[in-house]
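Going in written order, the chains are labelled A, B, C, D, E and F, and every chain counts its residues from 1.
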């Protein structure tokens, strides 16, 4: 029993990570998990929100959104509706929380990094692609801050963060679900973890059904292997030089 | 090393479940987990939202909110701010999703049950108390519908749903965290499960930290025992007669 | 001709005033007028709104709201609708204005007391119950401020404030209308007055009808007797010790 | 002791009522109470709001608003702020309720009359001027409906409605307060009544003070005489022909 | 082929400019282009918006709005809808931008002039009437500032600004379109220019059609003659003394 | 005197038009004018808005927006602010109006095409790039509708529409301004025209300055040549086959 796209159950979709996609933000990464394409930008601002001033700590925040044209049938624009939906806010909070797990906010100094994850095309797994790409954009923003002498400490990033979806479809545990599988999954989980295999966030949901602990274990087994591969791809992308001019580069 | 309130690490706070707290809704339950008090009301409306009409299926939805006076320092009223915050929406979605896991929406007929979980007093664990209480209110609303001959099938509830928080505090896995522990937990998880021990939702978050799979396992062990106890308390409360007059009761 | 609940025309419903209902706010009172139950909390904040800073004067403000489950048929949540309705705002303004009539804002010092009146169950007269309960919560908040040495003057309260509804139902002037009477009243008035019988606010409305001055007089006669009784009940409740620990109490 | 504008205590400001101020609405009246100028338009729409359909009853609704330039210092535009303030909503509700007291909604047929009261210039008493002018605009809209054969019954108006402010200033009961008096009044009341002296709405407020029943009586005495004079001015204005062409007029 | 109102193609409607319409704002002008009536108020505030503080420059801003009763069929109130429509914002921006073209913001000193253009009655050309009237109100506000010694330089206005609509109706280029012509125009342009014939803003739109450069030229020819006439009427109106008392006027 | 990027005054930036950028919408075009990159999607929906039902006419609407990361310094997300800004609404209206000038809405049948123009990177001229790209996306959506047999008439597009900015910078008329020139232009115009040189929309604005008719003429001369070149590039892009599978294609 193979998957519609020919993958094995524990196989990721083709993943590409393109740094320097936009010219303005300090970090700008287009991440693709198959047909899911998310533009992750990391914009740096001097200073922190008012409630944090004088703490010596920096801040990392995130906003997730979807272009109206990203989905199968056009979705209404939240700015026009005048309110941000529950799903959008929930994912924005997840992305911010996940990325804050890898950064030493004291080392960042009183700077703010805003992570904007805008889905250009959706085919399942947009939140996990967003987290995976946002890490790379964040790393570039940290490089930018360092090159401008704005870090309190030279190494604010303590680990890599990546994420992947996993679920039970047709009774089988499968990795990195596209929309076609996601929409009929019996159980659906999003796992965020580090490159060393420790967990950052586990969210597992039965979709109109419940699931056993052994299913949870099987999903975690598969997800953590996938996250390790994603972390390797992140490292590979970041091994290339920072994609824009920096002070002091000849 | 004992906890501030004298409990052992795997002990629930005193839990009370009071049915019939309000006179208008079909189900109205005041649930208390220690000093956390949540009023869970289940209101029945004939018919379903437009997008579901003619499906023969019912609907269960939930809204979570907090009184301004429920918290340590007064929190601003969301109606006055004009927008529902991300945390509020996230919990509302969690409560609705969790309760829909135990109900056969076809058996419900084209009726809607709205679950309103209003926190009267907050001391940690408000979302897990809300889910635990909402199940009892939902059960009462189902009884009410049955007594009014409005169910398509007599037994729409397939299992009980309860929830509890669990976390790592002072390096120890602890059950049912009050605010004082929750606010300094290194890892924080909310587990929703059935009375038979299958999982409905697992949400585990490192708070500025990451955690290992064995920590996740230890938290699940403790949580599932706690949920079993909560399910027993739900069953005990529901063993009493429906707290209001019903047609055909002499 | 008796009333459905057996009362005489000039009789109040059973009234209970429970202090210390919540543990966080400085004052927290559950007031019940029959089946109408309003939770009145008085939260203290150091400082005053920006437009008042440096004046040496304190501020008292109020917000009234209703739980969705409080009414006969579920009412939509205003936070979800994204706007506070006209009726809600009108009552919030009435409560704040009424309570400010009894307090010397200079004696309060530059402190703010927020009065939150949340209706847990509605059966007519919610705004008058709210005012009557809010006075007791306000008195407790003043006690709390005094015990913390935060008052500019030790006795900021110059009188008691209570309120009651009165109307013409079935051609008879009746006191303290439950929903069943209120919904079919020809004339409906809400009277706010002090324990010494002077008026704070008179609001009398013909409901699709007009009324004579002698009807207004008859309504005021009945209302002021009722308010005197409410003031006695307030005094009785406040004769008990402050329900929480205070500095300097042994 | 005379008033700043030379009036006696029980004297109205000069009042003018100009019908036909705008060409589009069925009724359009500019009413002036001294320097207070309110444009009252009555727009007719066939049909009623959804919740009233099929009842055979018409509907009268009102909205009150103020131009930003109407006040002493510019007031922010509520459309730009994105929310209608509490005071605005309260007055809109008062105007609608007051005018519905004089009209037989069954006689109106299933038509809606929207009363827009826009304050062009404010100098105290805007809500009472609005009610007084809106009555005249409403009468014109009724004439228009009658001439177009759209009334279920030829005489829907059972009486005239007018309103005036009255207050205690410098210890004296005074009628029709301009801003200069209103802003320092100890007691402030708005009285709505019919041309035959029966009451529609009484709203009396102590401004940081309380007041006795004899003060209320004195205020009502003065107000009802003033309202009688306003009703005479309304009748005089309406004695002129309808200011626009109507079908069947030669 | 004449126009419905008897005008020649290049003729303005009767234009009146009434200064001093309201007593509160520093400038208040009622401008009428035929049946189009717009109240233009210029309110002065000391200081400038935060982003401009310390620049030594003043600011001129504008808001355009329409009374619900101004149009043929009642238009809903934007404050009640809770959002300002695109057309309203677009015109507000046009008015502000146009008027800023004639004023030296350094000469104004750090003062803000808010131009409120409220349409009392609409019959086409409301935005061009608003700009034409707002110039006169702005001139009066500048006079007021000068008389109060608040200008950094005595002559901040470098030219006059006026505006007119022009369009192609029934195949003919026509000036100053009333609603009846505007609603069926093939091409519709709004021209803002100075009294010396230089352009401030040209906005020409094909309405479901396109147009040639020679049509644009013909429209500009006619519009600039019309604007010259409007500038003469402005000058004539401003030749009268400032309509209110000023310091130092005997 | 050359431009910073080496272009002559009447030269366009390098323009690329990439069809089929996204897989879901019927038309999806990435258009680039130098560093300005706009993603233009045309989504087809069966049916038309309610106010148009039964007319037999289709509808074309547009929404313009900018990613937070598109600009030099991050711009706040309008969905989070809860309201769409005036500039955004103005451009959305311009795009929709411009594209409706080339399409026969009767030929379209009762279908709606939504044009979403999302700016991925901004460097001046975003609205003109959006219009130019949206035309190509619209043409693809029309092809899609035709292939699905959903057009009332086979050729709804009567001409091509393209747009370009032109302005006066350093005293010289220049075509297609990048941000660096746009931000200091004395006059700024956006011209929308057809491939045959007729005008659709002319918007010329003096930026704190006025301009003569001969300047307007010079700007139009340059712009219309540029638009002709853009139309050629559109035609060239559309000469390639439709980028996705269509029914009946072998």
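Just so we're on the same page, contacts are C-beta pairs under 8 Å (C-beta built on N, C-alpha and C of every residue); 3 or more make two chains touch, one makes a residue touch a chain.
Molecules present, by chain and UniProt name: A, B, C, D, E, F = Ribonuclease PH.
Keep in mind that this is a model prediction, so the values were computed, not measured.
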Q: Return the chains common to the contact lists of chain E (Ribonuclease PH) and chain F (Ribonuclease PH).
A: none
Q | Any chain in contact with chain C (Ribonuclease PH) as well as chain E (Ribonuclease PH) | A | D
Q. Could the interface between the copies chain C (Ribonuclease PH) and chain D (Ribonuclease PH) be described as same, meaning over half of its residue numbers are common to both, or is it different?
A. same
(Q) If I superpose chain B (Ribonuclease PH) onto chain E (Ribonuclease PH) using their CA atoms, what angle of rotation comes out, to the nearest 5 degrees? (A) 180
Q: Sharing over half of the contact pairs with E-F by residue number is what counts; pick that pair out of A-F, C-D or B-C.
A: C-D
Q | Rounded Å distance between chain B (Ribonuclease PH) and chain D (Ribonuclease PH), as computed from the means of their C-alpha atoms | A | 51
Q. What is the distance in Å between the mean C-alpha positions of chain C (Ribonuclease PH) and chain F (Ribonuclease PH)?
A. 59
Q) Of all the residues in chain A (Ribonuclease PH), which ones touch at least 2 other chains? A) 82-84
Q | Chain contact graph, described as a line, ring, star, complete graph or other shape | A | ring
Q.
What order do the chains sit in around the ring if I start at chain C (Ribonuclease PH) and move toward chain D (Ribonuclease PH)?
A. C, D, E, F, A, B
Q | Complex contacts: residues of chain E (Ribonuclease PH) adjacent to chain D (Ribonuclease PH) | A | 22-25, 28, 35, 39, 41, 43, 45, 63, 65, 67-74, 77-84, 88, 114, 116, 118, 120-121
Q) What does chain E (Ribonuclease PH) use to touch chain F (Ribonuclease PH) in their complex? A) 83-87, 89-90, 92-93, 97, 100-101, 159, 189, 193-194, 197-206, 208-213, 215-216, 220, 224
